[in-house]
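Below you'll find the structures, each written out as structure tokens.
In the two complexes that follow, chain A is the common piece, with chain B as its partner first and chain C second.
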Partner chain A sequence: MRVTQGAFSFLPDLTDEQIARQVAYCLDKGWAVSVEFTDDIHPRNTYWEMWGQPMFDLRDPAGVMVEIRACRDANPNAYIRVNGFDSSRFWEAVRHSFIVQRPKYEPGFALERTKGKGRTTHYQIRPYATERPEGERYTNGKR
Partner chain B sequence: MAADSNPTAITDAKKRYRAGVLKYAQMGYWDGNYVPKDTDLLAVFRVTPQEGVDPIEAAAAVAGESSTATWTVVWTDRLTACDAYRAKAYKVDPVPGTPGQYFCWIAYDLELFEEGSIANLTASIIGNVFSFKPLKACRLEDMRFPVAYVKTFRGPPTGIVVERERLDKFGRPLLGATVKPKLGLSGKNYGRVVYEALKGGLDFTKDDENINSQSFMHWRDRFLYGMEAVNRAMAATGEVKGHYLNITAGTMEEMYARAEFARDLGSVVIMVDLVIGWTAIQSISNWARQNDMILHMHRAGHGTYTRQKNHGVSFRVIAKWLRLAGVDHLHAGTAVGKLEGDPLTVQGYYNVCREAHNEVDLPRGLFFEQDWAGLRKVMPVASGGIHAGQMHQLLDLFGDDVVLQFGGGTIGHPMGIHAGATANRVALEAMVLARNEGRDIAKEGPEILRDAARWCRPLAAALETWGDVTFQYTSTDTSDFVPTAIAS
Partner chain C sequence: MNMDRPTAAEIIETEAQQAIDLKALRAETEIDALLEELDRDLVGLAPVKRRIREIAAFLLVTRARERMGLQSEAPTLHMAFTGNPGTGKTTVALRMASILHRLGYIRKGHLVSVTRDDLVGQFIGHTAPKTKDVLKRAMGGVLFIDEAYYLYRPENEKDYGQEAIEILLQVMENQRDDLVVILAGYKERMDTFFASNPGFRSRIAHHIDFPDYSNEELFTIAESFAREGHYRFSPAAHEALVAYIARRRAQSNFANARSIRNAFDRARLRQAQRLCETGGVVDREALQTIEAEDIRASRVFSETIS
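Right, the complex of A and B next:
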């Protein structure tokens, strides 16, 4: 399966040139760009690991691309996303977010049903990959 | 002008309170020199006086009948600081290009209104002036609320910023679809539509306004099968998904019961219809706030009083009341779809929903500056007769913070519901990508869609089926301040 989080997951994976143009869009808006990675792709996993802090003072897309590549080198099997953060009043929130790397094989999610009162069912979603410890997922058994 | 038709207030108390009938202007409801206070509520009405009725007297009558006046002098006014309670008509302008109609500007003291009650506000402002015989027609065009009044309301329980964080969706409009046919599907069949549409790429599906608990599908069946579908789609995509479960019912007690069941099943969103009324809306908004629930408002019925330009209440006023009352989603028009809505006027509604501060913008129908005092933002919803071939127009008109709902445009897809959803999602993402890269989507949109359709067969089929469908009718509700305005 293909995890479709992020703004562009229904498009073919973005090239680095396309990624740089999206970064430039964020910087033009005055947003701070950040890079995050994870190997827990649960849709409610809000806190991906930060590849450093949001780059509040970096205004050059090329500099952001250096960080994206460094994050990929250090985490070749992880999901990596790029965020644009808007600190202006009444937003103070992420305004753009898209995936720039994903594992080659995405095993997907188990849906577990627990019977409740009457016909009520309670649902749990669990990424198959999280059966293994953090850092050992998506690695084909290699660490 | 005879003494008794002079439009200035009578200040001699003995004359003013002699039993009998006076003009409203003479009773003190017109003051052309009045300077509105920052703490006043302001309203502008479009008034069509009967033949022979002076526009200033008509304005004073509206001010009077929406505040303290009755048809005759009453001595009991003198037991009160009555001048403070009188609304003041302070300006009357002819409507540009429309003889016989006038914009009447009225100021109300803050003390006239109970805090935190849209029911009280509407009982005053639209309570009886619209049936008033000396007026042929009357329309409430816009209102300005002082910050002190705004702060007595809690506003949207979730708001755009927190909704996006909860859903983990940023940088693009959200996508939805209303399940069709509106009536007749069993719970099991209904859930099938939800599953296919969400798995195919939509973020939300939706109950329609009149799907409640009929014999063909009781509400619990709809909720149970709907949530099975939502959770299956979440597992299939790794995304947060939602279905607007319509909890509209005959009593508040029953609405709470349905809302609680939706919560217990893990739904992120519930829905109500505008026809439940202002008090019910404020109550369910409180419930949504206490239960971390997004509250979707379907504006069912609004067209009965918002559409005709000469009589009723403009939708921009309804949108303001709903932002105060506290809803998270509000259907606000598509401009390009099957339902009423001139593009600039519709953008005005969107600005009311989404901006922290509205500036005066007459071409978009905004007569007043409005400071929302930090009240959360409402996510507008564009729904009704839109399809993937219009994606560039929709993104260009409305930007990112909107739910685009393609009901027929998803479910009616020739390759099926799943493909219909995928076509819409691909069209959207391709268009956002192109816009962010600096391309002029208003001009290049059709080319951007055709390029994406080359590798996305469902999008190609959608464009073949609906690519040239448009709804070209003249709008009835347009601004009076642009050269293209039509007479009403």
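Right, the complex of A and C next:
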């Protein structure tokens, strides 16, 4: 099941050129661009691992592309996203976020039903991948 | 008959179609305006200006060749600026950044000026992130490394400078499209630096030497500082300035235009002091004029030439 989080996730995966242009857009707006990765793709997992610090004072997307490539090399089976953080007053928030790498096979989510008091049912979802320990997910058993 | 190969007539025809008007290309890139500005704004530096014109012409022709489909490897643009302090290396680097930007060889045209401290860390594992951070900031523009020879400290083999050099070299080679590196420093020390780091020498296409300014040129520079600040020198101050330049050059720590800028700044201070002490009504003329005594009060005149 294709994970749809952040911008453009219903589109085909962005090419590097398209990613660079999105990054250029962020930089032109004066946003700090950061690269993050995770292998726990639960929708409520908002805090992904940071790949280095957010990058300030950049003028050109080439610098970010270097980091994206390095992150891909180090985490070939993880989700990687790029964020554009707007630090200006009132916003002070991530204003752009999109996935730049996803594992080849995305097993999707399990829907679990818990019976509560009376006849109520509580639902929760759980990524199948998290059945395995961190670092072994999406790797077909290989570390 | 081989259909792939065009006949001579066809070649002539297509070439005629694709002829490129270099003048139009020059106009399109607005490069002439930049070069003229360079000529006008910078005093002296004739050999430097000539080299820059050569480089600009080469890059323009390379662009024209590209449009004609004549493939050649992307030109290496890394440069070394050598010369004594205050000879305009940083200023020219700034101009170079905008020239390269206009010609489309760098995407943004900004200049990131760094020294050893910005690249080399203090502890193990500190250097690589620091250097990479600087490189990332410089991408799309020009990275100007002042006094680059400090990166290499042969007397200490554990020095982290070597690590910075390796990262630099790698990026200079692999990301030639993304940034241009300009190394700057004293001529002799740069020569030893290049001799011990052959990797750098071979990756740098243009070595530009900045000559010292002559006394007349320094005087012209002082005048231009004054003009920019809406000051002027009285005739006596003129003479004092000429004498000042001659004496200052013979003294230690002479830094060409930078020394002149500092001298001018101090003369302004003394002028203000003089006006305040005199008190009373000052007219526009007095506020503008730097007198001989403002210059003659300098330490340069009291010290004996050693």
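In this text, the second predicted complex is superposed on the first by the 143 of 143 C-alpha atoms of A that agree within 3 Å, B and C clash if a C-alpha of one lies under 4 Å from a C-alpha of the other, contacts with A are read in each partner's own complex, and residues count from 1 in each chain.
Here is the rule we go by: contacts are C-beta pairs under 8 Å (C-beta built on N, C-alpha and C of every residue); 3 or more make two chains touch, one makes a residue touch a chain.
Just so it is clear, the model here is predicted, and its values are computed rather than measured.
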Superposition on chain A - do chain B and chain C clash or fit: fit
Cα-centre angle that chain B and chain C span when viewed from chain A, reported as a multiple of 10 degrees: 100
Touching partner for A:D60 - first (chain B), second (chain C), both, neither: second
Partner chain(s) touched by A:M50 [first = chain B, second = chain C, both, neither]: neither
Which superposed partner A:S97 touches (first chain B, second chain C, both, neither): first
Which partner reaches more residues of chain A (counting touched residues only), chain B or chain C: B
Touched partner set for A:A74, first chain B, second chain C, both or neither: neither
Per-pair minimum CA distance [chain C against chain B, superposed on A] in Å: 16
Touching both chain C and chain B, counted on chain A across the two superposed complexes: none
Residue ranges of chain A in contact with chain C within the complex: 52, 55, 57-64, 66-67
Contact footprint of chain B on chain A as seen in their complex: 1, 3-5, 7-12, 14, 18, 21-22, 25, 41-44, 46, 83-84, 89-98, 108-111, 116, 119-123, 125, 127
Touch list for chain B against partner chain A, complex: 161, 164-165, 168, 170-172, 201, 220, 224, 227-228, 231-232, 234-240, 264-266, 356, 374, 377, 400, 422, 425-426, 429-430, 432-433, 436-438, 452, 455
In the complex, chain C residues that touch chain A: 107-108, 110, 129, 132, 135-137, 139-141, 175, 178-179
